[in-house]
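Note that the chains take the letters A, B, C and D in the order they are written out, and that residue 1 is the start of every chain.
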Amino acid sequence: MQPNSFDVIRIPTTGPGDVSGLMALINGGKLEPSAILAALGKTEGNGGVNDFTREYAVAALCTALAPRLALTPREVESRIAFVMSGGTEGVLSPHITVFAKRSAEGGTAADEKRLSVGIAHTRNFLPEEIGRDAQIHETADAVATAMREAGIDSASDVHFVQIKCPLLTSERVQEALARGKTTVTASGYASMGYSRGASALGVAKALGEIGAGIGEASLLKDWSAYSSVASSSAGIELMHNVVILIGNSRFSASPFKIGHAVMKDAIDLPAVMQALDSVGLSVLDPRSQDRLVNIFAKAEASPNGVIRGLRHTMLDDSDINATRHARAAVGGLIGGVAGTGAVYVSGGAEHQGPPGGGPVAVIARA
Amino acid sequence: MQPNSFDVIRIPTTGPGDVSGLMALINGGKLEPSAILAALGKTEGNGGVNDFTREYAVAALCTALAPRLALTPREVESRIAFVMSGGTEGVLSPHITVFAKRSAEGGTAADEKRLSVGIAHTRNFLPEEIGRDAQIHETADAVATAMREAGIDSASDVHFVQIKCPLLTSERVQEALARGKTTVTASGYASMGYSRGASALGVAKALGEIGAGIGEASLLKDWSAYSSVASSSAGIELMHNVVILIGNSRFSASPFKIGHAVMKDAIDLPAVMQALDSVGLSVLDPRSQDRLVNIFAKAEASPNGVIRGLRHTMLDDSDINATRHARAAVGGLIGGVAGTGAVYVSGGAEHQGPPGGGPVAVIARA
Amino acid sequence: MQPNSFDVIRIPTTGPGDVSGLMALINGGKLEPSAILAALGKTEGNGGVNDFTREYAVAALCTALAPRLALTPREVESRIAFVMSGGTEGVLSPHITVFAKRSAEGGTAADEKRLSVGIAHTRNFLPEEIGRDAQIHETADAVATAMREAGIDSASDVHFVQIKCPLLTSERVQEALARGKTTVTASGYASMGYSRGASALGVAKALGEIGAGIGEASLLKDWSAYSSVASSSAGIELMHNVVILIGNSRFSASPFKIGHAVMKDAIDLPAVMQALDSVGLSVLDPRSQDRLVNIFAKAEASPNGVIRGLRHTMLDDSDINATRHARAAVGGLIGGVAGTGAVYVSGGAEHQGPPGGGPVAVIARA
Amino acid sequence: MQPNSFDVIRIPTTGPGDVSGLMALINGGKLEPSAILAALGKTEGNGGVNDFTREYAVAALCTALAPRLALTPREVESRIAFVMSGGTEGVLSPHITVFAKRSAEGGTAADEKRLSVGIAHTRNFLPEEIGRDAQIHETADAVATAMREAGIDSASDVHFVQIKCPLLTSERVQEALARGKTTVTASGYASMGYSRGASALGVAKALGEIGAGIGEASLLKDWSAYSSVASSSAGIELMHNVVILIGNSRFSASPFKIGHAVMKDAIDLPAVMQALDSVGLSVLDPRSQDRLVNIFAKAEASPNGVIRGLRHTMLDDSDINATRHARAAVGGLIGGVAGTGAVYVSGGAEHQGPPGGGPVAVIARA
């Protein structure tokens, strides 16, 4: 396999339609548009069904990049994997993280494995396939494809698998009903949980984290079935799954590396410290902040309503959805460790880590 | 001065009307009703103008304690200082912390200063006095009274001053208008900030933290004027200020002590660690959790819209008030350090610590 | 059957804990405490799972009435049927409507049927019974009991059947799980819809509005099954159903009468006018306002996402629950017709009227 | 003056980025892109500071129209007056209303005045000018310009003046502070009220509805100063005011006409009926619906906290902003009268009609 190098750049934004930071990098010669593989962003919507900041951000990026790539905006959207996660509650700060790939002409400089990225897409799903076996299996196949593309042989070298997945709207539910099909739920908000969960089980299946017997019957029921590296975000703007797999590969000449740990609950400070430690950083070492690129984590309200035996109120709050609560709280913890609010904390961690917990990955300069 | 001992007990609640935990302690002989000085609680309302969980919790406590104290519920409310802070966003867990005082018959056992509590009340305010000099000066006087009662001579021994203060409702604004008076604001939500800020400036004035020139003209304008130990919560259920001053006194035989630090912003993890250290605890020492009683902190969205140079979105969110965002985020950080969500994080830190930051106090078993 | 008279009094409130209006009527000799049968109120909470204004209002009323009835507060709650419906969005104004019953010594004065009220209770439900056949059947039995008590023989004389029903919380779901039982949903918010729907099907069954084959399998699925007079509100403060049945009876000597119509959707202005007409009132006749006592209606977002062919956004809004949207909109329409915001519009009309619509009943002075 | 004809077309949308309805009209030859003067839309955001659906909708429309007009998207935005009002609470249905102008070759067919539209822009404002005299006076000048353009001599022929105006964000407030200037408020949400109010006073000044002494000192204070035809919406996406003035002109050959009435409060059903009557429609005549094009109204929570003597809770709700409550309620009332949710009800009616009320205009086929 030909060695590649991968760059990772974090860019603050001033709003969901802001592309000025990205364009400045391109105009300044620091980023080659054709090298861009993927962009993971945090936008400042509610992260729910009617969060249009995600599709607006993608539309703005595609419109801006189109002339630089000699493509139409729609072709840009097919070529680059955009994942916009809505919701920057609390200290979280809107930003995008751009992943770029270029040929490593000098070969792999290091004797250690370095950061590598693989991308894959599933086919479009029908509304009634969302949150069911079809979504699980198609996702598992796409994860295997992405590993091959990233030059990663072993599941233990995979540290973060971001999935963008669809959700149901009233119209999509009706469209299925009109064909005599019923969707897994009629609630748009609830469908986001099903879609995220099915996507995560797909990752777990591909990486051998769950047995062959786990499928849609376990979805949102058997919380012992999970992936410790999956992160999925549901959005209104697509009907298929996009897989962005990040790990370390011996074929990579990237100046970056990635590691991860698993938060067992939403207040698991030691796990966040362990994730930092996995790439040689420490919360007690001020120089760590210069090497830190970004932290990627999932947050959720523990489904049994308690954290370490004490009641939380996230699931019973009819004013603020539980995903917003969880992002705000975990964002506060990780922001404190990272020393910055520009971290990627995404809500809704169904089957992404243990119930109430979730994966936390760190990318650092090697 | 006669030595006293002070107890501090944290009690989880199952809802704003739940008094079962407190009554079980009383029925089990572990708490003498007549010894109760104050109760600081976190209730699960929105923490805003229409958060009735605070007055409901106080009503339930007064009704339950009345027969044990041979008082009417209204007399209980006058005798015990109740401060219910609304809002348990994210990992925060509803609970109350009860402070009780009893005569220390054996004298002060320790050669170190121990936890002591003093309570004082201002007179009722008129709607137009809220957020103005009258509230600042009356509060300062009440703080001085509370210090004397607590047996504390030096401002440096004061570690946490909780104030409960009133807010404006449409009706109170109209009542003032009908008398030809204008209130500092017509917005109920905005009035909470004015009232909290004026209360904090009152504490700062009493403790010598601000100069004589600081008054209502500085309120919500000059953020360099603040108290590093004040914590104020606004509630619809009262029209005067209640002061609960907590520090260490040589006249106390309490088994507990208190310390504090100041968070300079909402992600100031080192300050939280330093507050723990001030009472001999450490986040890295698992035995610390047994000695920890509670952490008391204030949270707010930095008024300039940025945290360490990066934009936050709390102040521009028209769906969720900034106080809810800030409590969730700081609650996540402190919950991670404390290893529990049953910590007292209160929103709206105007003039309570530096802008965007706030005091963080720790009570531990000595 | 002995003739009775029934009074209906609407009392504005200044907050969920306000009982001053009711006590003034009692103190002024205008209302005999022992005559009070039921109180239907609108309180200013969010109407969702964590709306504690309902239980707070009931607690305040019971505490205030207890000494007047020589009962404990708990006994008052068992004796009087309290139904507090949370949510006064938009122009809706918090108030309670008190129903009182007294012996009509002079016999029935009128040759027309007059307002009559019957009350009945089911047994407590287990969490796993909520939203299932047990709740449907127990409710149907209670409705039949209430009709007998009201002296109403014919279903066509029943114009409004208010049910108060329980909801699931995280703790109740866990309690059932601990006994090896699964609840109909794990979401507190979703459980409110199941409970309201099962209660309404119970009413429909008792009144012969649905066939014998309709049961839990139809719940939240077959929207053609509904009652045109049922109104149910879910609350956290009880585990059984309370039935308040209101109609016209030949045994009643009440100065009031009741009529109703069915709104086919949320903008069905003609139906509201027809309901007024059924008791001899007219929106075009200004004198009607003097005779109007209150309007009782249910509101919901049409489950198919459209109203008269045009999309609404209530079901896809992750910031505000659909019940709040629907109450605000229907409250605006009925408030416009009634010329006052102190009308009883309750959210969540599952199986209460046709999908997206609901019953609207009017009580007027005869 | 040369006679012109004006078309008004209402187009439902499936989301803020949906332009398919507009493009279908253009592709079908029913609308000439170069004829488009203005587009007034309702988008499904929260209508608050962080409602990005407005700028997203404008961006999508400009991008779609650009190739049809041989302009860049930015030039389209300068040429066509886009006003997107966020917030489709309750029954309101997202849609845009397009106004197009073409030369009337046959002259004015009618002997009655017909619908005419005039557009004007102010210069960009500095943040510190928003909500102050500069905004009032520049708006008044622009209204006069728009009247001339519409061929309207008399203020009594002006029936609706829609203004799009800017708001303050944290960044804009900071930018002013950095130049030593203070803005009228530091709150983004509050700034929307100031900007809408100043714009409305500008309209009132131009139309002779207020005296010369009314200016920024009266803003949000003297509610007796108002325009009965102004409607202003604040948005994050511009820094100047856009004026769209609609009335009836003897130079117009339009098949449409416009009339208006003033709602004195949020439940003023007779005013809505009177507005219909002013263009020959009636709520009791089913044929009226065929002739109705759209209803345009402003909604607000009455600032004194009561409606016809009864308390409303909109201003004290810390979960849902008062503008959302008011739009939902007034939308419900007007939707009921119109028989459709696709009406333009915009929130925040400061100085737009009497306090708590607002203008309501109706466009109908003549």
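Rule of thumb we're sticking to: contacts are C-beta pairs under 8 Å (C-beta built on N, C-alpha and C of every residue); 3 or more make two chains touch, one makes a residue touch a chain.
Quick caveat, the model's predicted, so the values are computed rather than measured.
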Item to check | Set of chains whose contacts include both chain C and chain B | outcome: A, D
Checklist outcome for this item: Computed over C-alpha atoms, the centroid farthest from that of chain B is that of chain D
Next on the checklist: Centroid of chain B to centroid of chain D, CA atoms only: how many Å?
Outcome noted: 46
Checklist entry - So, what's the distance in Å between the C-alpha centres of chain B and chain A? => result 39
Checklist outcome for this item: Flagged in chain B as touching 2+ other chains are 14, 44, 46, 50, 171, 311, 313, 316-317, 319
Checklist entry - For chain B, which residues count as touching chain A in their complex? => result 12, 14, 44, 46, 88-95, 266-269, 272, 283, 307-308, 310-314, 316-317, 319-320, 324-326, 328-333, 335-342
Checklist entry - Which residues, counting only chain B, touch chain C once they are in their complex? => result 14-17, 44-45, 50, 52-53, 55-56, 59-60, 63, 171, 236, 319
Checklist entry - Okay, in this complex, where on chain A does chain C touch? => result 46-51, 169-171, 173-174, 186-190, 303-305, 311, 313, 315-319, 321
